[in-house]
Amino acid sequence: MMRLQVPGYEFLSQGSTLHYSFSGSGVNVLSALARFGHTGSLVSTLPDNPVGAAAVAYLQKLGISPSYINRSGNYVGMYFLENGFGARPSRVTYSNRLESSFNTAGEGTYEFEEIAKKHDVVHFCGITLAMNDSVRQLMKSFAKAVKDNGGTVVFDCNYRPSLWGEGGYEKAKSHYEEMLYLSDIVMMNEKDAMFVLGMKTEKKERQEQVMDLIPEVAKKYEIPVIAGTNRSVNEDNTHSLCGFLYKKQSFTFSKTFTFSVYDRIGAGDAYTSGIVHGELERFPPEKTVTFAAAAGMLTHTVVGDTLMSSENEILRAMTESVDDIER
Amino acid sequence: MMRLQVPGYEFLSQGSTLHYSFSGSGVNVLSALARFGHTGSLVSTLPDNPVGAAAVAYLQKLGISPSYINRSGNYVGMYFLENGFGARPSRVTYSNRLESSFNTAGEGTYEFEEIAKKHDVVHFCGITLAMNDSVRQLMKSFAKAVKDNGGTVVFDCNYRPSLWGEGGYEKAKSHYEEMLYLSDIVMMNEKDAMFVLGMKTEKKERQEQVMDLIPEVAKKYEIPVIAGTNRSVNEDNTHSLCGFLYKKQSFTFSKTFTFSVYDRIGAGDAYTSGIVHGELERFPPEKTVTFAAAAGMLTHTVVGDTLMSSENEILRAMTESVDDIER
Amino acid sequence: MMRLQVPGYEFLSQGSTLHYSFSGSGVNVLSALARFGHTGSLVSTLPDNPVGAAAVAYLQKLGISPSYINRSGNYVGMYFLENGFGARPSRVTYSNRLESSFNTAGEGTYEFEEIAKKHDVVHFCGITLAMNDSVRQLMKSFAKAVKDNGGTVVFDCNYRPSLWGEGGYEKAKSHYEEMLYLSDIVMMNEKDAMFVLGMKTEKKERQEQVMDLIPEVAKKYEIPVIAGTNRSVNEDNTHSLCGFLYKKQSFTFSKTFTFSVYDRIGAGDAYTSGIVHGELERFPPEKTVTFAAAAGMLTHTVVGDTLMSSENEILRAMTESVDDIER
Amino acid sequence: MMRLQVPGYEFLSQGSTLHYSFSGSGVNVLSALARFGHTGSLVSTLPDNPVGAAAVAYLQKLGISPSYINRSGNYVGMYFLENGFGARPSRVTYSNRLESSFNTAGEGTYEFEEIAKKHDVVHFCGITLAMNDSVRQLMKSFAKAVKDNGGTVVFDCNYRPSLWGEGGYEKAKSHYEEMLYLSDIVMMNEKDAMFVLGMKTEKKERQEQVMDLIPEVAKKYEIPVIAGTNRSVNEDNTHSLCGFLYKKQSFTFSKTFTFSVYDRIGAGDAYTSGIVHGELERFPPEKTVTFAAAAGMLTHTVVGDTLMSSENEILRAMTESVDDIER
Amino acid sequence: MMRLQVPGYEFLSQGSTLHYSFSGSGVNVLSALARFGHTGSLVSTLPDNPVGAAAVAYLQKLGISPSYINRSGNYVGMYFLENGFGARPSRVTYSNRLESSFNTAGEGTYEFEEIAKKHDVVHFCGITLAMNDSVRQLMKSFAKAVKDNGGTVVFDCNYRPSLWGEGGYEKAKSHYEEMLYLSDIVMMNEKDAMFVLGMKTEKKERQEQVMDLIPEVAKKYEIPVIAGTNRSVNEDNTHSLCGFLYKKQSFTFSKTFTFSVYDRIGAGDAYTSGIVHGELERFPPEKTVTFAAAAGMLTHTVVGDTLMSSENEILRAMTESVDDIER
Amino acid sequence: MMRLQVPGYEFLSQGSTLHYSFSGSGVNVLSALARFGHTGSLVSTLPDNPVGAAAVAYLQKLGISPSYINRSGNYVGMYFLENGFGARPSRVTYSNRLESSFNTAGEGTYEFEEIAKKHDVVHFCGITLAMNDSVRQLMKSFAKAVKDNGGTVVFDCNYRPSLWGEGGYEKAKSHYEEMLYLSDIVMMNEKDAMFVLGMKTEKKERQEQVMDLIPEVAKKYEIPVIAGTNRSVNEDNTHSLCGFLYKKQSFTFSKTFTFSVYDRIGAGDAYTSGIVHGELERFPPEKTVTFAAAAGMLTHTVVGDTLMSSENEILRAMTESVDDIER
């Protein structure tokens, strides 16, 4: 998507300039993995006009290969971002999301078989499931192709209530289940289990709900790795973030990071990237989950939706006390 | 529409900021007339979100009353502008035009009868005719209501080939004819007569074509006032502009202005505004047409789509030699 | 006034650009009330030059009608703002305040009788009393006209020591008393009562002083509604704000809000606007005073002197926990 | 003065930022002479507040010593600049000129005797004569002190009709005459001779008027050196500039430079600086007048009011063809 | 190199911000060829620090593969650019050129044999010859490897007098000759032949010198294709550009383009890119040379050193009259 | 040095603009002392090109005399600054430090004897000792000349491990000792004593180490005044700063300031400036050390490396509670 951000803390009705960049769940994860030394391509559609060209240039800058980007349709999905401050929340206003080139690309647009053969891991985002039937169909076909070719399917549930509308959980359930059956690494939390999948627990605490439900999900859908976060906004406007990783019937938790926030968007995708990187590099679970949580923390301090830290910088953020300047 | 302009002369794929403003044919004409001392309202639809709120604030700043702006739908139509320089043309890329709140507003959105009763003059833009059946229908109903209530209908043909697509002239003809029959002041040129209305002439020169065809149009559709311009881009990147006014079976031409160009967008609407102002103020035709042409010229020197000069500044531009500084 | 702000945290002697906007106590209150759904006009004077034109455009953008703005005189009052940070206070430097068009407008400039007839509520700011005899005279005449025509007089004491100079309290007292006798809603605190009106109390705590003195003021000057705030700057650079409302011999206090601050200017006027809105809408006192305090809090988070939040956003800030993003 | 310029080509009512700098006839001349290797001080008054401090910092940056700047009063005179483009003239709007610290500084502010003793040349600007009696008196006292101490008095007539108002020429004449009797180098043109000094000529062409009147002025007021320019704005928005120098009963003319213009303000002061530098360095008259004209030309290409070119760059501009890049 | 440009037309001593980008002869040619549909890699060295990382990101954005960029050394070569205007030339100030990572990379840094095997065409720039012995040696080894592997060597003479210093032509000659013997496509003009190669001609006109000397060069050094331009700066600040192509004993000339200039840097490399593209695509010589010249022209209108136009936009610039807006 | 800072919180690889200024330990101390009413000159070397000219202009703006700045060599040392946020540290990347004009200036560049005669106090920075033999030699000669002429030598140890490399402490020791023997006021802390000078203590707490070692240093090297700070970064990203002053065998400590941080660079030099000012003005030790610590604190709140507060503002920061706005 094209992110159109009012600089500083003005509202759209106060300012006259916007800062733009391009992001999206897939872009963020691919870019982070590129920064960690992997190579990857975005499978998407962008219009063959100057806006699409700017998006491609931006993705290239992030280290993402444009080889599988189809150029057709008319629009890039957009969102306007007005930064909040303290007691005043940020505001996100979408434009042209449903009519984007990605959402209007028809069957046969992508060569999933070929792509699946050439890649070890493919990341899917649950937001796509909320778009339309055609896109949902493409997504599932792609996941099946990956599965059939022995690749790893990463699926981030990312359920967004405002996109599914009223009665959304029922509409969403079967689509989510189809994806979960195909998935090897799933990003989710206790709310997804309770609301989207309709599972029950008698626990009241989030942590307990997680420990109750996630193993059940893993078992039912045969998912080798499930990871997620417990995030909270503190009274002094700091955030706290604690990650979990469930694998081989066992939970691992990161330490709880508490930190000041500059731009919270993208933290979830950074966490996902950390989990995927840890799994690919066969980090021990403690290292993977803390690496992912530290990646999520650092992305709260970075302009834009995309993790910009190197593996080394994340490792340092896991273990060292804060320096104020590195010379 | 929301104008999203890359500052300076960079391409979208080079820059990272956009300058935004809100415009549109109606906005430009209303704002110019407000600057000349008239009062007026925009009849349109904008979304009830921060982008719509920014648009309303901008219109108010231009002196336009928002009383008849309906707040519904999802989007503001947008265009990206990359400034050209010399041999390199500017590029305009539209986004979300067809899905805008204006274009998706249904029947019964506006109280045309009430509005028509309260206003002396209403301006319509031919671009609207290219959108969809529903909007076309609303436009014609409004024009009829104005006519029925004794108001003046201003219609700017503004035929845009890219919007009508292949076979566009045939598709457009009947819609244009309906509007022309209802109109009191029409902005058009010889190309509209030949291509949209299918009229014939044996003349080869533009000026002669104008003198041959415009009287025929005025007669056939019973239009009291027709005005238009002859515009050209010179080799040294200056533009030339000469206006005509046809009224009471007689042509009046402005002097030909030749001038440097900073931002050509909006010049046509500034010319329209000058014609409407001249007619409302009962200027003699020579003054009206030269005032309109000078308004068009000055709008080539102004950032944005909207005339920003006062009546006095335009009068001075008609008659005086160029000052370099006014202290 | 024209606010000329150095962007970021540079001093005037470091930077080279200024961000400008237009504000003032009346502008801020009118704009906030417009945002809450009321309509209103500024009664003031601005020069008939490009600076005055920019001010008018800005006021229109804020939703304020310029119908009663007289265009004469030479200057717009200005202030330069250099943002402080933490232990370093912000600096405000005035320019051209005394010689502004507003302050040099003579008798007969405004049609107070006509304006008073057409409006239900008029807001007056105590800063005006500090300017000069002529302006003071105009202010009192206007307040009398409002009173005579059955309108509501809102008066914000806003005593600024630096404007009245040495022996200021004595100079100010009679002017303040004249206004208080005419007022229906008064914004003040215990300091105004003690220093400007010379009242005595044996209490030492601010809260007790308020509860001791405000009823006395209400009684002596026959003021139906008095409201004010208790504000403090905390060690960690957060601010705390608690409002009071005295009406029908009874005090109501808001909850105490504690919050991070981006731009504190305008918070007092936002509080005033909340009180006026609550009274006009006949909110119960608890709702009025908490609404006003939340409006004051949010204005600490907003760029510029003027409240930019909708009624809904303020209501949410009163009752909900902080969201970090609204999508 | 503080120059507050809207960036690019927007009007004040369109933009939201200003670019500020500090200038004035004396500042411009001193800064240019500093760039040519001389040292000099500004004799003026600035307020002891952050605006005054920013002005001092800026003057220091230009190489001007602040030793004789008095810090008192309240304001720095200001002007807003909106850049014109092509057929649209630039607009200058003054603020706070008459009430500035410089214009309200009283008798005894400056130690003219001491300053005169320590300096060889002092530059005076005719704009000061238009301010008020007190400032005029200070100016004449200073000029007399310079004269009495054997220094060179430079006087730039710089008659500004808008400052003197109606009947201005009569009001101004005696003040100008007093200064001319004291001057050694005078900047003026034929209009000053005809309108301010009331001299007569039967010539119609500017060049002939110059050749007729300037020798008469030199004789009557016993002025060793008179210099000035013939400037014109061409149809293609280029400017032309030709300088003259009258000395020892003989005229010398520069070649006529024709050039594109970026920011014309300050060109007159750059020309003055070139003449003064040529005289101080005892350049032959041909070199002096062409150096001054080239300095004036280059200042048309420079942002701000102040010449920024070195002596070498000006010498190159006199003699060489235009390079496009210097590496 | 890192280009650090003062925005607008200020000098470094006036401004406080710089606009940065990364370029260089090789970067410009590779980026242009990527835009024309080819793929390519930069063979260079950049430091392993945030400046090097920013350079890599920028190159990726331009569509250049970083696979053969070595990360070592300390610096990126830099240049500061102050834009000239009209009579005032632009100024380029180099920093850290000689100490850059590229210039300090030692023998064995690059795998020339491998790279040569994988690429059809390699572009070399004569500026490199002026740096130091080590870099010169690397360059020649690389060219030999390309030659030995059947690749095409493109060599742009790009002789820069200021880099070679006094007696530069003698110092340079043998290095240039070595490269010319290895080259298949050479960019040069008559001056290179006369001054660097020491050839003689009795012709006085540039065009005649070209026609006299280039065939001699082609013969002596056995170069299949030689191309170059005749460039001039006109009095009205437009530039003119006419290209030539010498191939199979025959000259082809482009039409002479005359055009306004926004940022002339990079035009030579754009011309080179056009010639290389034409040869790779086997365009007829007329098309190749005019395509190259149009590419050079358009790069004068583009911010930065790098051609940003597509093949289609260049083809349109060759044949069509100028549009002012493309919608 | 030239400071090239990415605005806001972007990385170099995200942004496209830099904010530049000029600083350095000597610049910062001189500028602060100028702000406190002293006059001083920088003794350094800058290139005779536009970058050097911009540096000179900047120093002048800060109130520093350029009389002893030699203009030769090629470069100004530079550093890039990417601001950190919270858990993400700032990053400083040097460029061209070793090859700068300052570091390549040879023997005989400066007239130390003359300068020493004309100045009471000269400040030296330990960073210079890490550069090269030639610069070290110049530094020591200068210090000797100051000593010989009865001036006060101020020496700030400022040991930077990354500049000295491996085995740095041994390399540095003798150079530091030479300077310490010549010094009258030394800025250092317990680490310098332990690591650079190789002194031993059995204490574990920093405060105790200071009290153990500093008197030993003062005695051994006969240093009348030693001052330094104890600085820490707190968990909530605030910093704490406590200064000490050792003089006449007695320690004085400032109160511990805890404060929010905007731009920490330059705080050490501000502290040094406060100590030097206190000594020059013969403040009592309590006042000197608290003044210096408050100066250090305020410089954490100021953009750039250089203290921008007046003596009065620092005095207020020592004693008063925090104001939020000064009108």
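Order as written gives the chain letters A, B, C, D, E and F; numbering starts at 1 within each chain.
Throughout what follows, a residue touches a chain if its C-beta (ideal position, glycine included) is under 8 Å from a C-beta of that chain, and two chains touch if they have at least 3 such contacts.
These numbers come from a predicted model, not from an experiment.
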Counting one step for each move to a touching chain, how far apart are chain B and chain D?
-> 1
B-C compared against B-E, more contacting pairs | B-E
What chain is the most remote from chain F, judged by the mean position of CA atoms in each chain?
-> B
Duplicate of the A-E contact set - from D-E, B-D or B-C, the pair where over half of the pairs recur | B-C
Taking each chain's centre as the mean of its Cα atoms, which chain lies farthest from chain E?
-> C
CA centroids of chain C and chain F: separation to the nearest Å works out as 46
Give, as an integer number of Å, the spacing between the C-alpha centres of chain F and chain B.
-> 63
Residues in chain F with touches to at least two other chains are numbered 11, 13, 16, 57-58, 61, 91, 236, 261
Residue numbers on chain F that touch chain C, as the complex places them | 61, 236, 257, 259-263, 297-298, 300-304, 308-309, 313, 317, 321-327
In the complex, go through chain D and note every residue touching chain C.
-> 4, 7, 11-13, 16-21, 49-51, 53-54, 56-58, 74-76, 78, 80, 82, 91, 93, 95-96, 99
Going by the contact rule at the top, pick out the chain A residues touching chain E in the complex.
-> 57-58, 60-63
Residues of chain D that touch chain B when the two form their complex | 8-11, 13-14, 84-92, 94, 160, 162, 233, 236-237, 239, 261, 264-265
